[in-house]
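In what follows, chain A forms one complex with chain B and a second complex with chain C.
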Partner chain A sequence: MNVVAEFVLVVLVLTDLAVLATSRLTTCVRLVAVQGAVLGLLPLVLRWPTFDLPIGTLAVSALALKGIVFPWLLLRTMRLVEIRREAEPYIGYTLSMVVGVLLVAVSAYLSTQWLPVSAGNAERFFLVGALAMILTGMLVVVSRRKAISQVLGFLMLENGVYAFGVVFLRETSLLVELAILLDVFVAVLVMGVAVHRIQRGFEHIDVDQLSALKG
Partner chain B sequence: MANTYWMPILLLWPLVAAAATFALRSVRRVLWFMAASVWALVPGAAALVMQVQGSGSVSAADGWLYADALTAFHVIVMLIVFVLSSTYAVGYFANDKSAALTVRKARRFAALWLTTSSAMMLVLFSNNLGIQWAGIEATTLVTAFLVCTHITPASLEAMWKYLIICSVGVALAFVGTLFFAAAMERAAVDGASTLLWTDVLSHAGELDPILLKTGFIFVVVGFGTKVGLAPLHSWLPDAHSQAPAPVSAIFSGFLLNTAMYCVMRYLAIVSANAALTLWAHELLITFGVLSMVVAAAFIVFQHDLKRLLAYSSIEHIGIIALGLGVGGLGQFAALFHVLNHSIAKMTAFFAAGRLGQQFGTNDMRRFARVLTTAPVWGGGLMASLLALIGVAPFALFMSELQLVRAAIAQGRVAAVVLFFAASTVVFIGALRLAIDAAWGGETAAPAGPPATALDKVLVAVPICVLLCLGLYLPEPVQALIAQASSIVGGAR
Partner chain C sequence: MNHFPIEAFFAVLAGMALAPLNLGVINKVKAFFAGRKGPPLTQLYSDLAKLAGKGAVYSRTTTWIFRFGPAMSLATTVLALAMLPLGKTSALVAFPGDFVVVAYLLGLGRFFVILAALDTGSSFEGMGASREAKFSAIAEPALLLSLLAVLTVAPHEGLTPISAASSALFGAAWLAAVPVLCLVAVALFIVLLAENSRIPVDDPNTHLELTMIHEVMVLDHGGPDFALIQYGAALKLWVTSCVLVAVLIPWSFSLTGANALVGMIGISALAVAVGLVESSMARLRLTNVSQLLTAAIVLAGLAALLALSGALS
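Take a look at the complex of A and B:
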């Protein structure tokens, strides 16, 4: 574990917390873009100074997709549906910050309870971060009102899962990792189209108005 | 392990056909082409099943694609559902007067439909756990727009819930997959880097139980969202009720089973590690019984036929999970129930779709004298509802009976009591509505269009199959299910 890796992890968790406290959606997307770019570099940082081609390929594709393509798709969708701010989330910004910090604590507790003794401290430290990212992503999905914010939450969750994979696995197959990146890419694309369609159907994208179906 | 070319062919053919739909110029032609393309899968699938029967298991693409008895069984169920539903779709959309398909919409529908079948087969055939996961996520993404084929506020809502809830759930399942991968890496065994199911299974005994346990919880919760296990089922009634009937039929008939198939694969790994078998079984029993109870509670207050059928799917998925958790003969019963439930539920959705068009609503209180105004679809609905609530001699009665016997033999008394309580509630709740729809109702019932010969076949064939399977289970079918259930049990 090197100092750079520690720094990277702190950046990842802090961007998540910052998203929790931000109402302006473009800022949220930019934060998630920073997070994605840093995440793309993570495999390289962890293996520094060694370097091999498959990991390089993975890092570059993750960086390009998570840091550039996804945010661009989201910003484009937001332009199309003309939305800038998250209006009145179910859980207020301050409160969700507090909940976010609590989630970090929860993931610290879970990681120390779960992980078998063989794992080193460095890994444990990263597991805390990855779990926290997954949980905050879920928090954003359930606590925000705009469909776009929910997509953002899904991306944050996926970033957590990705961090988890990068840290936990030394040699996963490149093919699988790329297939999964592709899947998330299509997911964001599909969700973007879906948001657009909802907007055309309803003239808004407030998820709380999507509540006719019950029971 | 023999090699086969059928798996790649079966995976690629629907994609080629999906692209070809864009060259067709009328709604009718597009839909018939779609049905014919699905029919064309049958010989290939039959050849594959025969190869599996001959040599136990086959593989392709360096072992990345793999098929054994469990795969073969699911391929059969899938094709029954897909072939009949595609054929049904032609008549369904021809009668959809209120919202007729345009050629563009029909092409998109057919392309998505065919791609769905390819994605589902990817899940079935993939030996790599990561690719299998990608297949499940792909089925969500492809089918999302099938839900809102007709764009209405309600269908958009259903689509969005389905998309978000299942994507988040399935992301958690991936975390589970990562735990299995981590367990392989820690044990430093062969095949750690490729994560093929066959390798993981053969080393299951050497893997760290804590990692497997954590992974399995994530897998059950994650894929359980897609399966529709309570309390993770909230997307399911909406998506099933808002989708056009052919789509509801493949959702209930096979989409849920695709995710359950993944749970079965992981269950096999966990069961092969002796320290965890009992624990995994208890986890599944808990989810199974909970789903049955929750579904029963919602069925009692349900008037919308398609929502009723959706909750019934949650109940039956619960029964299947319960069977998997009972183990041994229970797993045989669970797989038999997969087949029976898929056939019955598909038929029920066929009838529900056409009756819904006839009455202009899915509200069962507005249905009247369906047996006289629409004898074919009304009869199909009554027969499939009776089958679904477990009336003898339909095959669902037999599989449930076997399951209860296995559960009692295992001493799972509490589960059996709850099973009976939930089944009774469902029985009364569904029958009350069905009787009213069949014989009651003062309102003048609009007459439906006369049933074509194709309609009669689409109702008669599944009902007859359910009756025959209930009375006599042919030897080859029984052997296949027995083999499949021993794979779920962790046999190597």
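Take a look at the complex of A and C:
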């Protein structure tokens, strides 16, 4: 169990770090899709070999949304606004990768020393991964210029929240998890449209130039 | 120690004798994928014999450091070889904390090659020296973090030599450590490519002035000195392969010689892997090399984190 947990954690964290290190947005979207697919399977892996319908529903809907629908929506938006690469992030790719590892270290420290949760060994590993994903998602949101990267960062952040929820599914309700998934679906849909509108209105999606209000 | 460590002694001798052959394996693999016949496996032996028979020419600018460099780099590599296990054999020389000494012996050898390059007074060699110093400085944390991760997952007491740690890692313990070992393996492989100036970090065949790293530093060496450099480079490939193989091989045999044999097979397999990488990849742009090496640090750091948090809980 511990080995599987570690493997999943490594895959999740590595996809996040890879997103931090790549400038090609298509690759980033694919990486987040892989992460979403792994997360979709996570509830099943955690409860292996037992299986019940609610968990199955959650796994299937998460797999479909995070692994297929979100990446498809994002790739479609990227086609529409004709964006291929993140131009000049505030924090460079190499540096943000290093910061990413530091964030993993911080989350490892937090989840072992600080969080007032009673978790087993395997669950502790997932907790580290979930926190790291939340933090790296935030890093992507604040360090990238393109609106589409920020949507991607939001998705990574949400993946972390989802992982956090799945690990403690016994204590939170399944309904809440499903509702969050629905919310995120709507959010990504709306953000896709919004990015497209920004592109049509300003002919770029560089959020750096959207900070000043015109009066 | 009541008996002579025959297997460890044999491992060192095998390393010194077979290291040039290892480079031949890489060249054969590359030739195979390029559809060529390629140089014979023993090409480097002939090269070394030819170079050793020549005289050396020294520029008037150079001092004793220039002559001292090649010998020093070879000597440190041989010392490192004696301290490393071949597969799961125990190392000839082992003491607590010896992995740090191994890492810095390699560093010392490189330092003297860099000094010798600077000693020629050629700005061209200075450029190569600066690149070598930069990339090896980034590769070093990756190597040390990888070793830290391996030593943490291996059951041991106190500061254990890498040989003892790696020989304790097999069976169930190996299986439990697979995620950490995978990360470490990738990190160490990148370090191996960088330390030995292989593609995608450096191209050992290129002589294009803009892209050379290692080759540019040894341009002014000739004859026996160049033989020492070539042999030292081959031996360094063997030594860095030893580190990776010792980490990766999951089985340990009680039969005398079997461990060393498996280790040598592992090193040849690694040479084939290096050949595969070289045939399928282009050299990275110089500015991207440091990103690759940082990725190695990141992987090794993640492995160390995982190992440490596993050890704490």
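We take it that the second predicted complex is superposed on the first by the 206 of 215 C-alpha atoms of A that agree within 3 Å, B and C clash if a C-alpha of one lies under 4 Å from a C-alpha of the other, contacts with A are read in each partner's own complex, and residues count from 1 in each chain.
Keep in mind that, in the parts below, a residue touches a chain if its C-beta (ideal position, glycine included) is under 8 Å from a C-beta of that chain, and two chains touch if they have at least 3 such contacts.
Bear in mind the structure is a predicted one, so any value in this text is a computation, not a measurement.
Trainee: Following the overlay on chain A, give me a clash-or-fit verdict for chain B and chain C.
Mentor: fit
Trainee: Contacts for A:Val104 in the overlay, against chain B (first) and chain C (second): which applies, first, second, both or neither?
Mentor: Second partner only.
Trainee: Which touches a greater number of chain A residues, chain B or chain C?
Mentor: So, of the two partners, B touches more residues of chain A.
Trainee: Tell me the contact category for A:Met191 with respect to chain B and chain C: first, second, both or neither.
Mentor: first
Trainee: Contacts for A:Leu80 in the overlay, against chain B (first) and chain C (second): which applies, first, second, both or neither?
Mentor: So A:Leu80 meets neither chain B nor chain C here.
Trainee: With both complexes superposed on chain A, which partner does A:Phe154 reach: first (chain B), second (chain C), both or neither?
Mentor: In the superposition, A:Phe154 touches chain B alone.
Trainee: Quick one: smallest Cα-Cα gap between chain B and chain C in the superposed arrangement, Å?
Mentor: Taking the overlay as described at the top, chain B lies 20 Å from chain C at its nearest C-alpha.
Trainee: Of the residues on chain A, which ones does chain B touch that chain C also touches?
Mentor: none
Trainee: Touching residues of chain A toward chain C in the complex: what are they?
Mentor: So the residues of chain A in touch with chain C come to 2-3, 6-7, 9-10, 13-14, 17, 21, 93-94, 97-98, 100-101, 104-105, 108, 112, 121, 124-125, 128.
Trainee: So in the complex, the part of chain A that touches chain B is made up of which residues?
Mentor: 114, 116, 118, 134, 138, 141, 147, 150, 154, 157-158, 161, 164-165, 168-173, 175-177, 179-180, 182-183, 186-187, 190-191, 193-194, 197-198, 201-202, 207, 210-213, 215
Trainee: Which chain C residues qualify as touching chain A in the complex?
Mentor: Against chain A, the touching part of chain C is residues 175-176, 178-180, 182-183, 290-291, 294-295, 297-298, 301-302, 305-306, 309-310, 312-313.
Trainee: Given the complex with chain A, which residues does chain B contribute to the contact?
Mentor: Residue list for chain B touching chain A: 128, 130-131, 133-134, 137-138, 141, 144-145, 148, 151-154, 156-161, 163-164, 167-168, 171-172, 174-175, 178-179, 181-182, 185-186, 192-195, 208, 210-211, 214, 237-238, 241-242, 298, 301-302, 307.
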